[in-house]
Each structure stands twice: as structure tokens, then as C-alpha cells.
Amino acid sequence: MPHISETASGVYVIAVTPFTDQGAIDSASLDSMVDFYLDKGATGLTLLGMMGEAPKLTAAESLAIVKQVLGRVSGRVPVVVGVSAPGFAPLKELSDQVMDAGASGVMIAPPSSLRTDDQIYAYFETAAAMLGDIPFVLQDYPLATGVQISASVILRVVRNLPSCVMLKHEDWPGLNKIGALRAASDRGETRRISILCGNGGVFLPEELSRGADGAMTGFAYPEMMVDVCKAHAAGDVERAHDLFDAYLPLARYELQPGLGLQIRKHILAKRGVIASAALRAPAGRLSTSDIGDIERLIERQERRLAALA
Amino acid sequence: MPHISETASGVYVIAVTPFTDQGAIDSASLDSMVDFYLDKGATGLTLLGMMGEAPKLTAAESLAIVKQVLGRVSGRVPVVVGVSAPGFAPLKELSDQVMDAGASGVMIAPPSSLRTDDQIYAYFETAAAMLGDIPFVLQDYPLATGVQISASVILRVVRNLPSCVMLKHEDWPGLNKIGALRAASDRGETRRISILCGNGGVFLPEELSRGADGAMTGFAYPEMMVDVCKAHAAGDVERAHDLFDAYLPLARYELQPGLGLQIRKHILAKRGVIASAALRAPAGRLSTSDIGDIERLIERQERRLAALA
Amino acid sequence: MPHISETASGVYVIAVTPFTDQGAIDSASLDSMVDFYLDKGATGLTLLGMMGEAPKLTAAESLAIVKQVLGRVSGRVPVVVGVSAPGFAPLKELSDQVMDAGASGVMIAPPSSLRTDDQIYAYFETAAAMLGDIPFVLQDYPLATGVQISASVILRVVRNLPSCVMLKHEDWPGLNKIGALRAASDRGETRRISILCGNGGVFLPEELSRGADGAMTGFAYPEMMVDVCKAHAAGDVERAHDLFDAYLPLARYELQPGLGLQIRKHILAKRGVIASAALRAPAGRLSTSDIGDIERLIERQERRLAALA
Amino acid sequence: MPHISETASGVYVIAVTPFTDQGAIDSASLDSMVDFYLDKGATGLTLLGMMGEAPKLTAAESLAIVKQVLGRVSGRVPVVVGVSAPGFAPLKELSDQVMDAGASGVMIAPPSSLRTDDQIYAYFETAAAMLGDIPFVLQDYPLATGVQISASVILRVVRNLPSCVMLKHEDWPGLNKIGALRAASDRGETRRISILCGNGGVFLPEELSRGADGAMTGFAYPEMMVDVCKAHAAGDVERAHDLFDAYLPLARYELQPGLGLQIRKHILAKRGVIASAALRAPAGRLSTSDIGDIERLIERQERRLAALA
């Protein structure tokens, strides 16, 4: 599979990591999950992201998961691997290993200690130097990392570090940041890199209108992202909103920090994608009321989608 | 107007502070805003909250706004005043002044330096001792304050500080916290205090199902909160969700940190509630694209509401 | 008294705010404190800083303190007033009031919500525009504010905002930041502003060697800062270190976040400078062991100073 | 070597990780460093702490370092290994590996996302359950982790988790926390665990007076900690302070966040303990002025120590 590039678009699904109830990696579910995502129209996969419970995996487990997924995908779509780590040695080690195994690129979120513009830029400069020609995705997710990256810092990265080919955009609010990045490339000041959006997809139609190339997020109904992107690409913005609105109540519910992954895995298990909704410890648990909410929201969503069809 | 108590319910609208384009307080708009909120069914008003630009006001301006609103409200609904301050002397001074002027209670958010359970509890214990018998609302808003208040700390406050009569709940996720507080009072372990929910109302139906008594937030369509609460109180949970869903795309859009108040004021100005959408400096500005998004979302909302009527 | 300027040097003592045991402002101690600081060689005073318990004062109290001190100082040294506030309206109001009363300048620390370089610069740009020609001190104290200000942001402020005439430097570590600022003015790239150092004085000799103009801090023995600055200015760097080392064990002990002010006031009360060591609530209290430590450190310090004399 | 226990005392030196100028692990220096620490009187060693650049090592490198040091130490003193990690799987994996290799215990700092008392306690409860009977050191270092652990949370850990046998105390200020923990065990409410203190040793005499059992820190002159502990244990508190004061100016200088390790390694290289002062990237660099400061402080320290001998 070729490396990811500035032209990447569509929906890169942030994959969960399926575990058994006992906390072991569930290989069978890993395969069925890959099949499900591709079947729903994913144009790429992203492994070992924050919602992939990456920090709970040993180095060996992380690599094994990547290899299995790459085998199952078998070159049909590019696979990006999250390699964020507190230090550069483990970051580089995992990056080299996954690229050797056939991954198409890596994704890097800045460590939470960074504050000033120069500190943030220097971090990515060092990372890029270490990774050589491995293409990387800059993950801009202040709510999780605590690091606020201004548009000018991203533009400095784009200008100086050619291996940065994609932005995983999940600043909040971030619509005008997309606009600023697109304006800079429109004026010819920088390359135009790929921008895929996260945040559970809850701003997707507006993000596409500002110039995003698609989504990179893991909402339990990836068909939402796929269908919204398709309608938008076809020029039917109102249709994109109609579809989006049908899923929004559940997408909003899934986007609860610290509980969202439990909700996502619950739905994926209910849909038969993975065998168990279990997270590895430490992890909070859904209450009976949470599950009741999810049930209601799914029912309502199905009625809405039926009306739209 | 009597003081607020544990039995408070319904919709306390978080009022904006209207300014002229030059940054002066717009008294005429202050009156029309009060009229609008009461006309839409508010059961209370909350002044000088975070979304009321309280830190941008001088002490004299703050008091003048409170007095004018109290005059306009004229006892029809209770008025709560945000008095959060870095120190207790200005907090107590403002509290005494607004209660003398006829307010029904005050609201306190913890300063962002607090971390441990004991630090948080001690803060509210000192505040309550200083305020004497002034009833207060504990504002639990970790996204803005950085202070995480566990259910057990809130229960300790409720047990020991009788002047705490209400929780402004805007933890995220927070549904199970509401559940824990209600379970404690159901078991007779604590008083049952009023819980009104914030966060722009984007979890309102679920919060009501968990035992919240209503909303305290400032979404530019307060009729959403009023109608959802009414439908829910009437037992028609599906209708509450139908109404909620119609407003959700815009409510979600308004809930953008750092830009949300600009959106809210833009809509209120467009609705004729206030004369100018201006914020006092420092304040970011809506882009043309932002305004285009809002226009589209309002149009779509109106179509949805028409279909529901 | 003329305004402060880029040429300010020496020791601006950060004044405490003396309270009675009941929490009232102790006017008599305010006078004796001013006399003490001037008697020990202060070349300026700074009121209402973080260690002046500014957030615990009402607006009226703050102004009354400033006026009394200005009267007592009677033009002998410049007086700077801390005016940091969550919003610009109270910042401007207090600034105008104290300048009208005869203060020589104001000091501003950035609010803790700022992160990116542009956000920090924009804050000071707005502040400077609001303050007009009032000269201001930029307080750079990341440990307390959480805001990290890079040398390049300070240089941008110095280049563009002529009313910024002084840096209160208390980054940690910050020696190379002083070096970077001095190198820029030596190369003629910016004005050379005054740099006075905080952090309880525990890096004072090294800071002077890097180009600082003196100290702005409140260690309970201001004669330390005065004598170290004098020896250093006279070219006797070893003597400056000898004096510094004699005080360092106690200065280090005083520099405990959250307890340092209690220690400082305890010593000032013991020295007869203020009548009571009381802080306004909320405030932790010294333990018997803390007081024992202080007694021992003072005794040892006196022996060391006697040997140096 | 037996496991560490509640009775541990003396000086556990936080070891640096020596690198070559090219960033490879310097095995020869690792041996000479071990010899140096033991020769200076260390009663234990702690590897892979924050100042051991642990996050910059791959998993394989970490284990190799531990094995080499264990071989060199050859059972003469206990070796503790820092195993802090964002997730429990890598934490457990490294813990099992190093204990199998002969380590005497592990050290765990809480991840920076923890806030409430219950979250912090739950983290250590899960860690202890995963580690089984491996004895662990609770590292309490708020300045680096951002996590504030109250004395009551530590006491809850001590009461409920018998495998917690030691506290690495580096809260600041923390003297009264030591007092609170000792008072609790004196009253028979909890076990009395070992307390070794960090923070570069800059509060060591006072910490010993409050009941600490020694130091766990890496100041480039470990003889300071050893000699201060010995004098204090012999009842000569003034002598302990005399020794401490001689080293304090340099210890204070070394304790600069983000630059301290460069200073420490510079001195260790100068003393011939390690071949190169190099840190692995990313790392700031000492300026010429920094090195000048260090030279001066060492000279002054030597004169002071000579006078004391």
C-alpha cells in the first residue's frame, strides 16, 4: 500500500481495540471490525489512537494488532498508526516497526507539557527529523492533550516539514482554523495538506464546507461520515445536513469524555461488529440508565433514517 | 421576591449582558431582553454568569445591571446573580449588595486553583460561612473552571452547608453524577436540592430523565428548554426528544468554547432581543462563514419546528 | 512622583497587606511597613501583587491602601500597583484610579486561560491600548499563572507597545530568558527595558550577572536584595554571593507556594514591621514545627551575617 | 536482594541514564556511575525515574539498563525501578520484567489526568491489584505530574494497599504532609511506611526533622544527602544544617525545571562519573553563562566544605 499523502480524503475510521471480557485482545473481533469498517465505506483506517486504548497496550501487543489489521486489510485501504509517546525513542521504534509491516503513515499528538509556539514547533521538527521520510499526521486535539496549536504553528510545520501530509483536526472550535489553513494554501503560501476531522464527527457538514477533505473519527455508525461526505462531495449540502441531523443526537451522546468509548463499544457490540464491549482497565462502566439512553437514541435514529430513505 | 430554595425548577435563563457597538452597557436592550426571556417562559433569571461577561464589568456596572434587571422583573421570577471572584472579599461584597437589592440567591463557581476534595469542600465551607443565610447555587463546570468536583464532595456540601440549595450542573459527562445525587437523597442520606443543568442544554432530555429539575443555560432559543421541560414534566418523553432534536444542530453549534457567546448574541440580535451582537473586548469575531452556518441552521430549525407543530 | 521608565533599577519591594487578627486592614502597620521598606533601602514599592493578597480585597479597600501608601511614601520612591483582573474593565478602572492618586505605573499578569503566542501578545496589546500612556510592568510568572511567555513574545511586546517599560521576571528557569532579552537590545533590535526579578530573590546574583537591573520581590529581609544589588553594582560579585548565601536557607524556606506568605508575615511581625502575621481567609496556618524551623533559620542567618560583617 | 519494605531508610540515589554524544546508551558510564553512587554511601538506587530520561528509552533499552545495573550492584543495595506509564499494560509488563531480573521494588507516579481523591485512589488500587505482591513506591510530585495528592488519600492507600511500602515525597510545600502521615502512624491509625524525600534535597534537614527516613533524589553531590542524613541521625542537627548550607547554593541552582538534568549531568561529567553530559533529544542546552555559574558555585562550595572539615 502506498504512503498517505496530501491528497488523502474520505473517511479514515479510528478503530477501537476489541478485548475479551477478561481483557485479552480479541483477534476474531479485530478481523470482523476491519471487515465492518471497509464494508461501510471507510477509505482508510487509523489504529492505536486515543480511542484505540493505545496506552493500555504493551509494545508487543500494539505491533501484533497492527500486523493483524494490515493482513486483513490486505492493501485495500491505507492504514495509519498512532505512535504518540512521552519520548522519541519509543515513538521512533513503533513508527519504524509499523512502516516495515506495511502501514501507510503514522499519527502524532503533542505531549501535554508543550505550551509556547516554539516548543510545539520544535517538537514536530524533532519528530520529523527522527522519522525521516515516514509521512505523518499532526493530531490537533486540545481538549485531550491540553496543547493549543495556533494556525500559524501548523502553517510553519507545513512549510518546513514536508513529511507532514495530513492534519487530524479536532480543535473545538476549529472551523475558522480550517479556513485559515485553506486560505494560506489558496494564496500559494503553503502546500495544501489533507485535513480530516475528528471530534466524533459532530461538526462534519460545516467542516466539509470550510474545506476539510473528510473525517477521521470513530463514531459507531461510520456510515454517517461516509454518507455525509458523499452527499457533500456531490454538492447536496442540505442532504448532507439531513443525514447528519439524523445521527446527531447519538453522535452527541457518544462524545462524552471518559465515557464515549464505552458507548461506542456498546453500540459496536450490539451491532455485532465486536464480540464484547469490554474496555481494558482502568475504565468506567455504563450505568443501566446510560444503556437505556442509548437504546432510545438508536430507536429514534432508525426511525429518522427510515423517513429519510 | 423570596429566596431560591431546594424546590426551584423549570428554566433559569443565563442572561447575556447587552453592549452597544462602542462597549457601553445597553440599558434598553437589557429591558427588552428581560421581557423576551419572561415572555418565552423563563421561571428564573441568572445574571453575571460566565456567559454574561461578568469579568469584563466593573463592580459598579455589575451592581447597576442587577438593579435594573430586578426593577424590570419586578418580582415575577427569582433572579440569581453570579458572584464568583478570585477572593472572598469581593464575593461577599457583591453578594450583600445584590441581596440587598432584591436578588433571590447567588451562584458560585470554584476558583481554578482548587484540586483535592478537601480544598474544594473548604472553599465552599468558607464561602457559606461568609454569606450567612444567603442561599447559593454551586456551579459545577469543570470544562471552564478546571476543577473536578466528585459527587461525594457535592454530597458533603449538601450535608453540611444548608445554604447550598441548588446545583448548576454542567459536568461533562455528568448524567451519572445526577443519578448519584438523586440516589443519595432518595435513600435519605442528604437533602434533595434543586439541580438545574447547563452546557447549553445539549443533554437536557437525558438530564431530566435522571432527575434534574430543569435547565439553567442561555441557548438563544430559551423556548427549547421551556418546551422540553414541559413535555418531559407531562410525561411525554418522546415529544421532549422530538423538540430537542429540532434545536440540537444549532444548540451544538452555539456550544463552541470561546465563540459560543458571539453566536448566541448574533442570534439574539437577529431575533430583535438586543440591539447589538457586540461583546466587550477581548472577544473573537464571527467570520462570514460562521454567520452563513448560523443562517442555514436557523432555516433548517424553522422547517423542523414547523413540521413538528 | 514621575512615572516608572525603562531605566528603573534597584529593589522594588513587593509589599504585603497587613491585616488585624480579625481580618481588617491594619492602617498603622501599613505605615510602619512603608517606613521599614524605605529604611532598608527600597528604591520602589509594589502594592497589590499576588503576595499582597490583592484578590481578597474589595475595590474600595484596594484603592484606600494605595492612597494611604502613596501618602506615606510622599514621593520618595515610585509606587507600582498590581492591577491584574479577569477582565479589562476592572483592570482599567483600578489603573486609572491609582494613577490619578499618584502611582507611578501598574503591573499586569496574564490571565491563566492564555496559551498560544498570539493569544498572549493580543492580551497585552489590548491592555496597552486601554491604558493609554500609563506605563506598565509585564509580570512573567508561569508557576503562578500557568502562562508560559517565550522571549520572542516579550520582545514583540517591547517592540510594539512602548508603554511596557519593565519586566517582572520570575520564570523558572529564566536566566537564559534574561540573556535573550539583553542580547536583543544589545543588537539594537528592541528597546532595553528594565528587568526586575522576583521568585523570592533566590536567583538574584545570577540574574544580576545576566543583565537584570534589580529585584522586585518581597523576601522578609529586603536588606538582602538591597545589599546583594549594591555589592554586585560595585563589581564585587563574590561579596554579593557571600551575602546571598547567608540569607539563602531562609529565602528558600520562605519560597514555599501556598505557605510562603504566612512565613513572610510571621517574620515581618517578629521583626516588628507589622502588628499581626494574620492573612485574610482563606489561608493555611503555620504549624508549630514550621515556626520552629523559622526560628532556627533566623538564628543561623544572624550568626552567618555576623561572621560576614 | 530482598524487596524494599516500610523500614527502608538512607539515601536512594535517583540515577541518571548516561548517553554518548550520539545518543546511544553509554554502558561503561552506567557501571562507573553505579560505582560512584555506592562509593559515596548510597543505601539504594532508583532507576528510570523522571530524571533518568525514562520516557526517551525504548522498552528494550529500559530493561537492558536495569539488568546491567543490577549486575553491577550485585546485591549490595536494593534497586527500585520507575515504571510509570500512561497505561497499566506497559506498567505491569515492565514491573514483572524488572522484578524477575532482581529489582527490589517499583515506583509509580500518577498520570496527569487524575484530579479527584477517588480517581487518584482508584488508580493506585488498580495498580496494586495488577502488581500483586510487588512492593511499590508512591511518587508524590505535583510540580511534575500536576496531580495533588492529599495526606488523606495517601493514608487511604497505606491503609488499604499493603504493597505500598514507601512514599517518594516531593510535594512543595510538603513538610506538614510528612507530619500528618507520621502523626497518623504514631496514633496507630495506619502502618508507618518509609518516607524518602526528593525535590533535589533542598528541604532535606527540615524533612528529616519532621520524620522522613532519608532522601531519594539525584543531586550531583550525593555525599550531601548521605552526610546530612548521617549527622541528623547522630542527633547533630546543626551540623546537618551546616553541611546542607554548604551545598544549598548549587542544589538550588540544579533544581531548575527543564534545565536541572543538564546541570546535573554536566557536574557528573566534570566529576568523571560519566563520560558525556549529553541528554537524549529533545533537550535544551546549557549556555556559556550557565556553565560559568556552575563553575563559580562549585568553587564556592569547595571553599565552604573545606572550612567545615
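Of note:
By written order: A, B, C and D. Residues from 1 in each chain.
Definition applied: a residue touches a chain if its C-beta (ideal position, glycine included) is under 8 Å from a C-beta of that chain, and two chains touch if they have at least 3 such contacts.
Computed from a prediction, not measured in an experiment: that's the story for all the values here.
Of the two chain pairs examined here, A-C and C-D, the one linked by more C-beta pairs in contact is C-D. With centres defined as mean CA coordinates, chain C is found 47 Å away from chain A.
Once the centre of each chain is set as its mean CA position, chain A and chain D turn out to be 38 Å apart.
The mean-CA centres of chain C and chain D are about 33 angstrom from one another, to the nearest whole unit. The multi-chain contact residues of chain B, meaning those touching 2 or more other chains, do not exist; every residue touches at most one other chain. With chains as nodes and touching pairs as edges, the resulting graph is complete, every pair of chains being joined. Looking at the complex, you find that chain C touches chain B at residues 53-59, 61, 85-90, 93, 112, 122-123, 126, 130, 280-282.
By the touch criterion given at the top, residues 172-173, 175-176, 179, 202-203, 206, 209-210, 238, 241, 244-245, 248-249, 252-253, 256-259, 287, 289-290, 293, 296, 300 of chain B touch chain A in their complex. Residue ranges of chain C in contact with chain A, taken from their complex: 115-119, 148-150, 152-153.
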